[in-house]
Amino acid sequence: MLLHLSTWQEIETYLQQSQGMIFPIGSTEQHGPTGLIGTDAICAEAIARGVGEATQALIGPTINVGMALHHTAFPGSISLRPSTMIQVVRDYITCLAKVGFTKFYFINGHGGNIATLKAAFSETYAHLEDLQIANAPKVQCQVANWFMCSSVYKLAKELYGDQEGSHATPSEVALTQYVYPESIKQAPLSPEVASGHKIYSATNFRIRYPDGRMGSNPGLATPEHGKQFYDLAVKELSDGYREFLTAE
Amino acid sequence: MLLHLSTWQEIETYLQQSQGMIFPIGSTEQHGPTGLIGTDAICAEAIARGVGEATQALIGPTINVGMALHHTAFPGSISLRPSTMIQVVRDYITCLAKVGFTKFYFINGHGGNIATLKAAFSETYAHLEDLQIANAPKVQCQVANWFMCSSVYKLAKELYGDQEGSHATPSEVALTQYVYPESIKQAPLSPEVASGHKIYSATNFRIRYPDGRMGSNPGLATPEHGKQFYDLAVKELSDGYREFLTAE
Amino acid sequence: MLLHLSTWQEIETYLQQSQGMIFPIGSTEQHGPTGLIGTDAICAEAIARGVGEATQALIGPTINVGMALHHTAFPGSISLRPSTMIQVVRDYITCLAKVGFTKFYFINGHGGNIATLKAAFSETYAHLEDLQIANAPKVQCQVANWFMCSSVYKLAKELYGDQEGSHATPSEVALTQYVYPESIKQAPLSPEVASGHKIYSATNFRIRYPDGRMGSNPGLATPEHGKQFYDLAVKELSDGYREFLTAE
Amino acid sequence: MLLHLSTWQEIETYLQQSQGMIFPIGSTEQHGPTGLIGTDAICAEAIARGVGEATQALIGPTINVGMALHHTAFPGSISLRPSTMIQVVRDYITCLAKVGFTKFYFINGHGGNIATLKAAFSETYAHLEDLQIANAPKVQCQVANWFMCSSVYKLAKELYGDQEGSHATPSEVALTQYVYPESIKQAPLSPEVASGHKIYSATNFRIRYPDGRMGSNPGLATPEHGKQFYDLAVKELSDGYREFLTAE
Amino acid sequence: MLLHLSTWQEIETYLQQSQGMIFPIGSTEQHGPTGLIGTDAICAEAIARGVGEATQALIGPTINVGMALHHTAFPGSISLRPSTMIQVVRDYITCLAKVGFTKFYFINGHGGNIATLKAAFSETYAHLEDLQIANAPKVQCQVANWFMCSSVYKLAKELYGDQEGSHATPSEVALTQYVYPESIKQAPLSPEVASGHKIYSATNFRIRYPDGRMGSNPGLATPEHGKQFYDLAVKELSDGYREFLTAE
Amino acid sequence: MLLHLSTWQEIETYLQQSQGMIFPIGSTEQHGPTGLIGTDAICAEAIARGVGEATQALIGPTINVGMALHHTAFPGSISLRPSTMIQVVRDYITCLAKVGFTKFYFINGHGGNIATLKAAFSETYAHLEDLQIANAPKVQCQVANWFMCSSVYKLAKELYGDQEGSHATPSEVALTQYVYPESIKQAPLSPEVASGHKIYSATNFRIRYPDGRMGSNPGLATPEHGKQFYDLAVKELSDGYREFLTAE
């Protein structure tokens, strides 16, 4: 059930049976010479909708811009500052907690979002208690990273070994190829790819990772792999969401 | 050209020929008993993509949650506070202005966004000048409301007269029916509909407008009307964008 | 009744009969070669006091610095950033709502304030509901622009036609001449005056509008015209305030 | 020379001979049963204008709402939070420092403003250095409290002794009587008046100081005293401003 | 009783007998050629612990970085901006007020903290009332500057006369020598020392005070003096804390 | 080398040979019936000083209050909100980066700090680039959690097995016993201890973890164990710091 395709009366009805909601969260950032700038949001959204179908969960609007400051020296990347993103998450959850939602499951497609999301959850719990919203002590948020699902991780290792890398990975590129087969990109990929540098400022990142990839060979990706990753992630995160719903 | 389906190298190439970009901006808010919660984002996104095709413009990620605080007493509505939204817009434009974009055209589907967007533009211009970004004095933002296009307005009056109303209007509902024919909703619509109250707090709004409509009869909407609105808006805003690009 | 010339006990008494209050809001910004930097605050304050006399309304302290970032390349202009102004308005109204005021009527002299004021109202309504102030759902704010009164607009067109322009207009200059006849300024006004450029950054504004005027010929202003504008605005806004007070 | 009655070209000329500017800053807060709510702003503004005449200084718009949170349990009091006021001061000075002003002299009528003003000055100096404004290291701000002038203090002790108190004092009431003789208020003043309690929250303040006075007997004030205070403050602060201008 | 060496159950017990707490607050800033960068925190912490022993008060964690923006052109100095420090103090007190603490006594070692601390207290009182915390109207904060104790001041005058100066003073250096005798520093101290300049930006400060001292001769300090200052400050502030606890 | 026991001239000298600095960061939060509220800061500080001795690194002031919102229902716990902590870290690093420091190593004692620290680093890198500080692209921050050192983890498993738990662990309690043998606490520890609940709001946390422990048996701790943990952590983090210094 997609929030944006529902009426408020349908949501009122939904709330009588579930107080849970899933937010896909991605990023708008460079993904190397062949990766789509929307990769992280595309993956998160596709998987979240799959989980929504499997679990009857309500899926909120995709958060398509996240915390990607380190990518912003590459044109087309957009980022919130962490302090902005904390306010955004706080605003979203506050609106929804006031009308009765208590379980927020963020299906995340971007490693760079994790720290800020967790900080935002802490800030939000305290804010809701300050507001003395009836449900405040019941509100629970969780970040679920599809790319860290054990089944996904295992398959990526099998298919790509070390060439999976850690950004602009063949696994995420494969998933976008499955979702948008008409947007499969071709571009030269040098066999040597930078890896192993930590992430600091945007300027530093572009110097260290000149074509945007971090140790990955996205040339290995295929749409068929993408479907496999999709299926695994949907299954594992559907289980994760169900468990989250029932946890105290 | 959709940013999320492009690579950073494609954006680098695009920047050599154009420094313009279009952001669809909507809202996630109740639209009466039969209107979709995503109506404003759906309309803005569809039209923006049409404009993008007509003008070769780059289309950024849809801002699907806007300033809808007054709707938040209806379940499913999500809003940024204006102060948060100002930071969000500032963050987006700062990232893009740094790499060379100077013309930002916001195709907007929600009246409630206008004031905050304009405030955000002012804040952003000053911020960019403070940062001493080379292009700062050239950066221009514009909000273009599809529902205020003269051709759209004229058609809405012809088709619906006074029953167009001002929220959950048949014109916007029609457009969503055209885009998502599988999500056309049915629900009882009382012939009497509240209208004429100004907008204040969320609690007050729900008291004044108990089913969420403001003077409208969305029951008049059809997907065929939606296509007409779409075509008119795309044409008028494509002209608007071209003019914006060439303005000093 | 002027707040700054009242005692707190007089305000306590006033509150028993009215919960309404008027804030004059202007700006401190260049108004061309002959316009006073305080024009917008002077006009708003004078008219607000006239309305106060006509309606027995309480008049708060004049907000004499507003949102004028685009004028700040001209010396003497002062502006709040929109994000600051939102906090200012929020602070003002929160103090007053807590002690029982519910109707806030902002008589505004500066077009550049409108967007930020509206954003501030939205932010404030939500803040008051978060604070669970008893009166929160009753709090109503309205911006009333004296220069957009239909009677004022009509007279300006009659007297000045196209030479009214949109900034440093003869109508506002006339009003300041009526209020401060000893401060009527003389300076060369080139017959050609820039017009038609949209408003972006401060640097851009000064390039486009080198003497600060936007399409106007303030040389046409006379104190007698000023009195006419004053009388029309006071009458129309007094009606507006009375209507605002009685609206649900 | 009053900023609000000047044109931008007059300010441009002024800047060639002086980079100094005076801001009157007061408060909008209860001043006991007979004191005007605008007392602090009225006194600061009147004295600042006197100093302006004596020294040819430019006088900016009066900051008529300050930091008076502790008075807000009395109706009619309005306060900025300190964090808001810091942003306001930062915004004012940033605009003016960018066009060449470097010396900002705040003639202050309210003890409660002092701490926040000083904090704001520190924040602003650092902000200007961050912006790399050419004049940043030259920018100097000073708060000058008229009620702490030694000549004023001495006269108050002579005229009122212990009955001067520390809020709603006869000296400040006298000064407002001199400026607004038509607004002299009469109200019962109990001979016992609270004093000696420290200032904490608004609720606490109203409990400790039930009629708003702090140890004062404003019944002793006369307009003639007010003229004396005015003359002394103008003279002492004119000297103070001249000294400030010449200090490195 | 030191908070960091207590368990939460011990604090629960403590709260049954006292709702008071002491925070040492210092700064991390240059103190001339021979003064320790931690001087202000070292002095505040040592004295606070002495007061804690004398009065059985609970001592919170030392706030070792304060408002020292004007010192930051000297390497090793660290400062919060005032707006940050206000949030820090607000966060601290809010946590503690929620569990029952009401009396917060800040033993301060740095003059530059005073204004911001006072601003922070005002902001916090209002915040607690907004949160409707039961104890909000009872919460009281006080800043107690050890270097302004009359007994300390008197001794410093006796020992050092004018050579006490106002920063990197022999009295504070002496106190650090008493606390850390192993860290007594030797460095050339020119007999001429800058003094009398007001404090503005960091750049300006370093130009005016090239070795960091303000009119002081810290070469006069001895650990024995330090012990005397310590004893006097502990005694005077212990009395001050007891008085603070019993004040309404 | 401890910053607070150094002079600014010593820091100036230090900077010629190293641009690195270590910050101990802990928390002020409940640690079960026998754990010290300062545990995390005590451990981080002690280890950081050991690392400083081993590597000649400069050690900054201990950040003794961190992100512990979830513990604040237990008396004595103090927390910054994440949004405050981000500003604090930003302020610290900005001061130091301006004078030439580029490598910031945060030795951390509290898991709850990690997310916010990482968010703060991202915010800070972008801020420094915005300020156009010369060194901005070279600035690097790293969080090093002593309790996640592999040698520490291994020893904890050997000594305590599952009774290590995840909060108020015997390993951290042991380390505080080693540092403060005079503050070893005795209190009843029920053999059953809550575990396995995720962390949400403060209220929820206290319900789930009634005595504050998370699956741990701190009764197993001894000061001798503490020394072992200390030695291992100092060794491993000294290596870590050296590696960090030399990394590009």
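Going in written order, the chains are labelled A, B, C, D, E and F, and every chain counts its residues from 1.
Definition applied: contacts are C-beta pairs under 8 Å (C-beta built on N, C-alpha and C of every residue); 3 or more make two chains touch, one makes a residue touch a chain.
Owing to the predicted nature of the structure, the values given are computational and were not obtained by experimental measurement.
S.K.: Look at interface C-D and say which pair in E-F, A-F or B-C is its repeat, using the rule that over half of the contact pairs are identical by residue number.
M.R.: Interface equivalent to C-D: E-F.
S.K.: Sort out for me whether D-E or E-F is joined by the greater number of C-beta contact pairs.
M.R.: E-F
S.K.: Between chain B and chain E, what is the separation of their C-alpha centroids in Å?
M.R.: From the centre of chain B to the centre of chain E is 53 Å.
S.K.: From the C-alpha centre of chain D to that of chain E, how far is it in Å?
M.R.: One centre to the other, that is 29 Å.
S.K.: For chain B and chain F, let me know how many angstrom lie between their CA-based centres, rounded off.
M.R.: 46
S.K.: How many angstrom lie between the centres of chain A and chain B, each centre taken as the mean Cα position?
M.R.: Distance between chain centres, rounded to whole Å: 24 Å.
S.K.: Which chain D residues reach two or more other chains?
M.R.: Where chain D meets two or more other chains at a single residue, that happens at 72, 81, 83, 87, 132.
S.K.: In the complex formed with chain C, which residues of chain B make contact?
M.R.: Residues 67, 69-70, 72, 81-83, 86-87, 112, 114-123, 125-126, 128-129, 136-142, 197-198, 200-204, 207-208, 247-248.
S.K.: Using the touch definition up top, name the residues of chain C that touch chain D in the complex.
M.R.: Residues 2-12, 15, 28, 30-38, 41-42, 60-62, 64-65, 72-81, 83-84, 87-88, 91-92, 95-96, 98-100, 180, 183, 185, 187, 212 of chain C touch chain D in their complex.
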